[in-house]
Amino acid sequence: MNIKKRVFVIIRPHKKNDVLSMVFDWVIVVLVLADILTTILDTLPQPERVILCFNILEIITVSIFTIEYCLRFWTADLLYFKSKPFKARFKHALTFLMIVDLLAIVPFYLQFIFPINIHVLRAFRLFRIFRLVKIKYYVKTLSHVGDVLRRKASQLFISSSILFILMVIASVLMYTAEHQSQPDVFENALSGLWWAVITLTTVGYGDIYPVTVLGKVIGSFFAIFSIGLIAIPTGIISAGFIENIQDGKSIHGKKKHFCPYCGENIDANPS
Amino acid sequence: MNIKKRVFVIIRPHKKNDVLSMVFDWVIVVLVLADILTTILDTLPQPERVILCFNILEIITVSIFTIEYCLRFWTADLLYFKSKPFKARFKHALTFLMIVDLLAIVPFYLQFIFPINIHVLRAFRLFRIFRLVKIKYYVKTLSHVGDVLRRKASQLFISSSILFILMVIASVLMYTAEHQSQPDVFENALSGLWWAVITLTTVGYGDIYPVTVLGKVIGSFFAIFSIGLIAIPTGIISAGFIENIQDGKSIHGKKKHFCPYCGENIDANPS
Amino acid sequence: MNIKKRVFVIIRPHKKNDVLSMVFDWVIVVLVLADILTTILDTLPQPERVILCFNILEIITVSIFTIEYCLRFWTADLLYFKSKPFKARFKHALTFLMIVDLLAIVPFYLQFIFPINIHVLRAFRLFRIFRLVKIKYYVKTLSHVGDVLRRKASQLFISSSILFILMVIASVLMYTAEHQSQPDVFENALSGLWWAVITLTTVGYGDIYPVTVLGKVIGSFFAIFSIGLIAIPTGIISAGFIENIQDGKSIHGKKKHFCPYCGENIDANPS
Amino acid sequence: MNIKKRVFVIIRPHKKNDVLSMVFDWVIVVLVLADILTTILDTLPQPERVILCFNILEIITVSIFTIEYCLRFWTADLLYFKSKPFKARFKHALTFLMIVDLLAIVPFYLQFIFPINIHVLRAFRLFRIFRLVKIKYYVKTLSHVGDVLRRKASQLFISSSILFILMVIASVLMYTAEHQSQPDVFENALSGLWWAVITLTTVGYGDIYPVTVLGKVIGSFFAIFSIGLIAIPTGIISAGFIENIQDGKSIHGKKKHFCPYCGENIDANPS
């Protein structure tokens, strides 16, 4: 096995008995979690010495992530072994996880070129958390949950668009009803939209609510409607999970394709 | 094909390969969305020039909607080709979507006759959003969700009426318990009703809540009951979606009726 | 058919084609709704004349309810025609709906004997709303929903008791964590219990919430747990509704027993 | 039957017709409930005499709990009759209920040795409530609910971890968006995390919410996402309950193992 193949096997989610691959996976997982923890702790007032540690950790983390990204890009032709090398790399670079990885490392380098606010862009690094798919144990279950959501995508989209339509209608109606009584609170229809979101999701902070009789009548109507908005997607997803169980056997019967190098199932999305 | 038939085909949701019909559908969808966006933006303070643009857009939109309404009315006899022309038009004018369309255009003309507050009536135009059924892709899924709700309508109605009964009981009990301690907040049983709606839907703004021990006991009881009020409709709807999946095959076996002019399935509600 | 049997048929939910029975049912339904509406409107400031009307309406309503109660008691031996007359009446008087009816009329007479606050006791009259079962159309669906809840009663009871245990634990933990920082808000463990109810049901008024770090950690834990508390009963009830549909055919095959006098199904609870 | 076996039978959940065992079970249940009630009432201001009563009750309760714990430890070799006596006792001492029991009695003795705040540690005693499994009636149903949760554990874990990831992302994004406008409210990313928990669980106290436009856009996005966070676990649990019903027959067909001494089913977790 040449070096390229060996590197490919190591950066892919680990096979049993391949210690180096397993160590690599866990190093990445620990670095991602450490990076996220640092992002949170960085917002707390810290003594100078801790800030220095954080900066060193950031440099190490970004360096490792950069090397990892390059190795993934380099070995992409082994993943899509049917495509031509260039096309394979381009195809791989446009997968969700590779874009996330790129967004996670680019801001760090950009700050040396442009005087930008690194804190805002740093938030992108949070999405590296999806690299937790390295922990193989959960991937199968996650893809099971994903299957259900994908299968019911169009129904959930319809529900969401009804929710959106309702929110727009609610916002304009509530603005019309309340603007005169509370000109500062219901300043415009966008305030109404914020009210509609917070009410229809049943969060209800209490920073904005109707005070007139007409406003309370409209508010009551949409508040009651919010029950349906929770019930319908829940019903759709429940049905999806039950269908998935009933289809279980036929899925188990499917023929699967395995990578000739690492023994991984290559039907799933490459990560 | 004479002009009337051609117009009818164009204003109906488009068939594949009929470019004019497709263009018409998307023009309507874009106009509806633009109109709603304008309604929201109109509540924000805008420079004079933008207001002028909005007014011109409104005149154009209402004009097109008026022409569309007339064409729909005129071609109704092709939709209900079994009824007599007059009866067909009358029948079509009373369908939900046609009433919505009429309510969307009438207020615009009324303002020239009576000095009314156009903003309130303009809200009716929001309901034109139902014309998004033009986007054929979602109609099938939407009717699937609609089927489930229709099939479970009586059970959902019962749940709603239990919810309503509970709200009335809660409102009087809470008013009785809290009126003396908070005469300004729990002014009358209607304040209690507003409290009951906001609590039983778990929104909980925090503008009105019990402070006495008895009030808190009653409030706790109804708050716990709110879990059931979410759980029961969700259970009903879940069962509905699962039933729908299981009945899937028999539904697919149904014989369908298609319009001889446009090839549309005329079992569905005309839009 | 003698008078007693005729009265019995009239006061029972009506059969088709029995006009008098149908009129009687609707009179009761209208009176119950009018009585509830009056209870709510009575809390609003009203001119003297309206109060007089309300008082007259109350006297009429209570009189009719009293007569109805007596007739139901008198004809109970026809309902339970297998029991002895005295036992049948006693058995009927202890059914849920008969106790509700008694509680609805007794406070009115008590006010002439003792100088009590009639408003509090009047709330009992609200429960007469259960007489809406007169509207036969909904009884079947209601009993369907009731079946599901009864079938899953023990599982729902377990869920509720876990909810209750969690609330008690949460209340003591939160009281311990927050008492020192907010002695006025978390006065004692009962304040903690109120917090627990309002948080675990996701109502969240915002009158009481943790401010210390420990309190927020405990609060976060229980807030996340609240998702499970909604999900578990919903899952139980969903399963119940689905089971009910699947058992549908065997239920339809059951042999039913009908009253020899009115043709009513006497398997259901007498009302 | 020697004394040890007799004691073992008594402290285990009771068999029918064994009066002493039944009495013992109910004494424990009553003591646990009394102890929890005392813990709550202890936080209210009480007259001296009541405090004395509470202290006496505490001594009695802890004594009985201590004796019970010792007896359970002593008779553990009869429960795990296949293991060696020492190993059996050690194994039993590490079961969930035995650890809870130990944590419930240890703090009481610790206060005589170290000058610690007994109130905080006393909260552990609340968990003795799990001894309510003594009430055999509910054990079967509880284990049914437990089965469903165990069966779906990995899916629920995945949902929870997605929830956690979302909360972390939401907290950093919201902190970034709101810190400048509300430096006191969104002090650091941990405040953002508290906001995320309270919003994604739809509790919404209203102590912390976005005020800037960007913050409201992010807040709206996560508020709408909260619907999915309730819907997914509910769907999983619903599917679990339905699967459980469908597997019902095969479960009934399983061979069970009964204790040779008390006739209890020893497949269940020992308590």
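Just so it is clear, A, B, C and D label the chains in written order, and each chain counts residues from 1 on its own.
Rule of thumb we're sticking to: a residue touches a chain if its C-beta (ideal position, glycine included) is under 8 Å from a C-beta of that chain, and two chains touch if they have at least 3 such contacts.
Remember, it's a predicted structure, so these values are computed and weren't measured experimentally.
Between the chain pairs A-C and A-D, more C-beta pairs are in contact across A-D. The rotation relating subunit C to subunit D, fitted on Cα atoms, amounts to 90°, rounded to the nearest 5. At the interface between subunit A and subunit B, two copies of one sequence, fewer than half of the residue numbers in use appear on both sides, so the contact is built from largely different positions.
One finds 32 Å separating the Cα centroids of subunit A and subunit D.
Between the Cα centres of subunit A and subunit C there is a gap of 45 Å. Among all residues of subunit D, those that touch two or more other chains are 190, 193, 202-206, 230, 234-236, 238, 242.
Put simply, subunit A touches subunit C in their complex at residues 202, 204-206, 234-235, 238, 242. Only residues 154-155, 157-159, 161, 165, 168-169, 171-173, 175-176, 179, 188-190, 192-193, 199, 202-206, 209, 216, 219-220, 223-224, 226-228, 230-232, 234-236, 238-239, 242-243 of subunit B touch subunit C when the two sit together in their complex. Across the complex, subunit D meets subunit C through its residues 36, 39-44, 119-120, 123, 126-127, 129, 132, 138, 141-142, 144-145, 148-149, 160, 163, 190, 193-194, 197-198, 201-207, 229-230, 233-234, 236-238, 240-242, 244-245.
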